[in-house]
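Next up: the structures, one after another.
Okay, so chain A shows up in both of these, paired with chain B first and chain C after.
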Partner chain A sequence: MNNIHSLRFFWPESVLTVAVLAMLVQDLLVRRSPRRVGLLTIGALFWLALTALATWRTPWGNFPIFGGLLVHDPLRIFFAWLFLAAALLTVVIVPRSKEISSARLGEFFALLFALLLGMYLMASAADLLLIYLSIETVSLVSYVLTGFQRGRRRANEAALKYVIYGGVASGIMLYGISILYGLFGTTRVAGEGGIGAQLADVTSRLFLAHAFGGQPAAQLALVVAVVFLLAGVGYKIAAVPFHMWSPDVYEGAPTPFTAFLSVGPKAAGFAVAIRFFFAAFERQLPGGGYAQVGDLPWPAIIGIISAISMTLGNLTAIVQSNVKRLLAYSSIAHAGYLLMGLAAASTAGVQSILIYLIIYVLMNVGAFLVVIAVSRETGGEDIKDFRGLGTRAPIAALALVIFLFSLTGIPPFAGFIGKYLIFAAVVQRGGFWNVLLAVIGVLNSAISLFYYARLIKAMYLEEAIDQRPFRVPAVYTGVLVALAVPNSFLIFYWTPLVRWAAAAFGGSPSS
Partner chain B sequence: MTFLPLIGAALILCVVGLRASGLVPKAMADQIHRVIALAASSAVLVLAFVLWRGFDPDNPGVQFVQHARWITAYNIEYFVGVDGISITLIMLTALISFIATIASMPWWPGNAHLDEHHFTQRGVAGYMAMLLILQTGMMGVFVALDMFLFYVFWEVMLLPMYFLIGIWGGSRKEYAAIKFFLYTLAGSVLMLLAIIGLYFNGPQEVVDGRLVHSFNILKMAQWGRAGGYLAAPLVLGFTFVRAAWIALFIGFAIKIPMFPFHTWLPDAHVEAPTPISVILAGILLKMGIYGILRVNFAILPQATKWAAPAMATFGAINIVYAAFVCLAQKDLKRMIAYSSVSHMGFCLLGMSAFTQQGIDGAVLNLWTHGLISPMLFLIAGVIYDRAHHRNIEGFGGLAQQVPEYAGLMGLAFFASLGLPGLCGFVSEFTVFLGSLVRWQTLTILSAVSVIVTAAYYLWAIQRMMLGKLNPQYSTLPDVNWRERLTLYPLGALIIVFGFYPQAIFTLIEGSLRNLLLPLQ
Partner chain C sequence: MVDFFHAHQAQHYLVLAALLFALGAAGVVLRRNAIIVLMSIELMLNAVNLTFLAFARFPLVANSPMQGGFSQGHAAVFFVIATAAAEAAVGLAIIIAVFRSRTSVNVDEFDSLKL
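Right after this comes the complex of A and B.
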């Protein structure tokens, strides 16, 4: 589809672009107003609503736009809603946080919208260059937001580490992209003449092998290129071995942004991974299922990364004493669980990822919100600061228990649904390695209980150092309840999640 | 019935709300919580009794079935019903939960030993709510006939148990609680994988025009009996049925607990408050055996046959090893905890013989041990509340001081060591009778270890009750009314079922015969 026609399907992104500028202008306009926090928040909510409206009004379809640079499909819309939900939560949380000063709130919102724009693009990019550009957009904004508290040494350190690791990862990724371009002569992933189409075509595969001096050499080049490309994606989702930045960044960044970082860009990374692998190395069958094209063992690569991420994340989390670091390692482990769904390389696998991501937003943002509420009051983020929370702030403590058990994946909490579906997808795929992966996965969720329970133990089983009850802002209590309720009661009826995921990918629920 | 305790828990939450809004003073709110819990669990007891009256023992299939769709995309159903095995355990659950709730009430007013730090005085709302949620989970496990539902209920039990041990427990409560939690969770996640495997390799049916698998336990059992699972692909080098069997069995064995997975139990039992020990020993341990019967035996009969020798061996190890460990215990509660491990071994031994007596004895043992061990723990609780320690060596000559207590203790101990005329004897004897035909050596070994059992109980009685009165305890009060309310019913039932075990046999025989058919 040509550029002019494509604009019809580009409304949300256009609105976001305007929103970035509008927030900056509004920031200048209300600079001296005593009610600037309220006004800016209302402004941000307005632009979010407008983006949501644009997303809502975008007609359904499944076709490339802008000459194949982007793809407009239900998957993209699904992720758009996910991002919007995460952004909405952040916008609601930020004004009452003490970490973002009210003088720079407008700046924060503008950057948040820029980040959102990058994530929107990540979710629909179908061209290697645009994948790279959108990932870079998200990364650059993230660096700035990580170091948002300029005065804090930890924040500066975190931002610098983030930049260095990010630079290395994107360099490696770019190298991978250049190899892919060398192999296929195109940067298009999907569509006519794209990588997927070339791999599906036997003649061009033979030609490729010939040009590279034989099948093994071509195969090796392809594997290397894909692993390199994974550096960029793995960096966004914080999967081992591209995870080193995350504990420091999670700890150093302002917590409301950490909460967003742990769900938004991670989800966007999965959007890229799902689109790339399924467009390039899988072919859709008439029945709705997928079959592999070429003989790249990408599920195996993902499976290995997944197993290492879970195990390393969980084992390292056990020894953490800072809650934000603990949650960082837990989010590395969760990247591992989510990658399991991708390693299943099936419709059911992707659907399980999508459902898990929804639930992950609900539980992880909730957990971070409690951290924000506690550090607001106690000034600390260590496990010991949570001692006696059960009596000091009963609602926040109870909510955190729900989120943590949900993260562990224990029924009746919602996290169990996601975990169950992921394990089911892997087991359904069958075979020695998949079952082994599933076994590693379930054992890991048992391990994860150990460190989540440390927090619960601190809140309920240990006496508080400081017995005074503390006040959680009403907004926070409201959000906590709004997040805890679906976490507790989704188990009774989660058909809608299944339906959304099915609509986004694959067309029908697969079992 | 399953959700009645949950309603109670919700009511407690309402009262917590009232309390928070300052409408109700704390003391009164606590009393209301207690009354709600008591009312809910007595209502459950009544309903269980009604269910039992309405149960037709001649019908070996499931009865009182409720069926509703839950998650259609994966064909998950809310499917509950009871058969002979579950009705016995539901009765037990209702009874023991009721007794545990009574035991959670504070001491009678005016008692000089009232202690502010006693578990009955702290966080009453939370405690009672947890107790009721736990009750829902336990009931749910016994009625669930959908594998997914079964798993959800199975896990729902874990959380309240963790908090009940962790918050209201003894000195090492935190360690005990997390150990219990981790052990059971590790087992149950393996179980989850096996359940998923059973689902995908199981029978298919058409729902809403789509061909889907089913979590229905009965359909799975039919499919397994017909050998449907034998065709499933290899799993990690094992045939599917064996791999699934092992994964499920480990999950259940941790709950039983079977040697070598038993190490959580002494800790959990010792640290838990008395009523929670009562529930742990009386009901939670039974779930392991119930799960093996309901899932392993029913769905994977071929693998069960294959694994029978291992089960019998582990059963015998449980019996003999735990009995010897008991001999060495100095802590009364710890001794009783290990004796539970020993007694659960009888179930494994009896089941694995695949004879009608063996398996009948095993299930009867669930029932009798479910009566005896709660009584034992209550006995231990009584002395702990008074003396604030449980060191067997630290007492002496108590029989002169507290004759009623001594008598009850004697009754419970004798029942547990298998004195004829009390119900423990019947189940042990039936188990031996059934298993002797298949496992001569193991049965003889286990039977001999009954002597060890007798030895440690008698020795404990001798050290605590007989001899010269320890002057420290010359003012020890005898059992009070709350304790009588919990101990006498159990004692009476122990005697009744010692003479009339037929009441249980009639219930379970039909269902168990069905279960055994493909195994013989």
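Right after this comes the complex of A and C.
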């Protein structure tokens, strides 16, 4: 489809581009207004609503746009809604947090919209170059937002570490992309002449092997290139061994942004991974299932990364005393659980990832919101600051218990549905290694209960020195209840989630 | 007969690019000064550019599967250069912020965030 026609499917991104500029202009216009915070928040909500409208009005379809650089399909729209939900929660949380000063709120919103634009592009990129550019858009804005509190030592340090790790990871990914370009003569992943089509075509594979000096050499180059590319994606989803930045960045960044970072870019990273692996190394069968093409053992690579991520994340989380760091390691572990669904390399596996991502947004943003409420009042975010929360702020404490049990995956909370579906998808694939992966996942869930329970124990069984009740802003209480309710009751009726995920991935492609 | 694989011609450039990339990666790991670390990252990106250009000039496959021949590799380089500049701008700004708060840019002195 040519560029002019493609613009019809590019409305959400266009609106976001305008929104970035509009927020900066509005920031200048209301600079001296006493109702600055309120006006800016309303402005941000307006642009979010407009983006949501554009996303909703985008015609349904499954075809490449902009000459194959992007793909317009239900998966992209699914992720768009996920990103919008995470952004909406952040916009609602930020004004009452003490970490973002009201003087710089407009700047924060403008950067948040730029980040959202990058994530939208990540979810639809079907060309290696565009994958790199969209990841880099998200990264560059994330660096700035991490160091948003310029005067704080820890914020600066976290931002610098993020830049260095991010630069190395994107350099490695780019090297992988350049090797893939050399092997296939194109950076296009899907579509005619793309990497997927060439791998599926037997004659072109033989040709490739010949040109590269034999089958083993071509195979080795391909594996190296894909592993390098995984560095960039793994760094976005914070999977081992590209996770080193995440505890420092989560701790140093302003907490409302940490909440966004832990769900938004992680989901976008999974969008890239799903699209790349299923477009390049899988071929869709008439029945809607997938069959592997080429001999690249990519599910095995993902499976190993997954097992290491969850084990290392959970074991390291046990010794943490800072709750933001604890949640950072828990988010590394969750990257491991989610990768398990990808390692299943099946439609059911990807659908379970999508469902888990929805639930993950609900529970993880909720947990961070309680951290924001606590650090607002006590000025710290260590486990000792949570002591006596059960009596000082009963609603927030109860909500945190629900979120933590949900993160562990204990029934009847929503996290259980997500974990159950992922484990089921892996076991369904069968084979010794897949079952072993599921067993590792179950053991890890048990380990994770240990450190989540430590936090619950501090809230209910330990006495705080200061017994005065907490002031939790009404907005926060409202959002906490709104997040806790689906976390507790989704188990009774989760068919819509399954139907939604099934519509997003696994349908047969048309034209 | 025209030898359209040209693999032997690309070889030298690819080896040079791999060496530059390794040099950059070593610089990131070994150097203490944050500015030199950023320079090493730039070196890695430029090694990638060299790989792109070598493959675009001496392709391994005879006919490009895409319309427009092997110009994709050339186009990629421009984008990488632009992104590298943006990354350097953000990186240097953050280094300045760090320098203001602790008058040092040595990465091994950054230890206020720890386990």
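Just so it is clear, the second predicted complex is superposed on the first by the 507 of 511 C-alpha atoms of A that agree within 3 Å, B and C clash if a C-alpha of one lies under 4 Å from a C-alpha of the other, contacts with A are read in each partner's own complex, and residues count from 1 in each chain.
One rule holds in what follows: contacts are C-beta pairs under 8 Å (C-beta built on N, C-alpha and C of every residue); 3 or more make two chains touch, one makes a residue touch a chain.
Source: prediction; values computed, not measured.
Within the superposed three-chain model, A:424 lies in touch with chain B and out of touch with chain C [touch as defined at top].
Once the two complexes are laid over each other on the shared chain, residue contacts for A:367 go to neither chain B nor chain C. Number of chain A residues touched is higher for C, counting chain B against chain C. Using the contact criterion defined above for the overlaid structures, shared-chain residue A:168 touches chain C, although it does not reach chain B. In the superposed pair of complexes, A:491 makes contact with chain B only, with no contact to chain C.
Of the two partner chains, neither chain B nor chain C is touched by A:93.
Within the superposed three-chain model, A:178 lies in touch with chain C and out of touch with chain B [touch as defined at top].
Of the two partner chains, chain B is the only one touched by A:460; chain C is not. Contacts of A:472 after superposition: neither chain B nor chain C is touched. By the touch rule above, chain A contacts chain C in their complex via residues 129, 132-133, 136, 140, 143-144, 147, 150-154, 156-161, 163-164, 167-168, 170-172, 174-175, 177-179, 181-188, 192-194, 197-198, 207-208, 211-213, 247-248, 251-252, 316, 319-320, 325. Only residues 5, 7, 10, 14, 21, 24-25, 28, 34, 37-38, 41, 44-45, 47-48, 51-52, 54-55, 59-61, 64-66, 70, 72-73, 75-76, 79-80, 83, 86-87, 90-91, 94-95, 97-98, 101-102, 107, 110, 112-113, 115 of chain C touch chain A when the two sit together in their complex.
Every residue of chain A that touches chain B in the complex is listed here, in rising order: 405, 408, 410-412, 416, 420, 423-424, 427-428, 430-432, 435-436, 438-439, 442-443, 445-446, 449-450, 453, 457, 460-462, 491, 493-495, 498-499, 502, 508-509, 511. Across the interface of their complex, chain A is touched by residues 70-75, 151-152, 155-156, 158-159, 162-163, 166-167, 173-174, 177-178, 181-182, 185-186, 189-190, 192-193, 196-197, 199-200, 210, 212-213, 233-237 of chain B.
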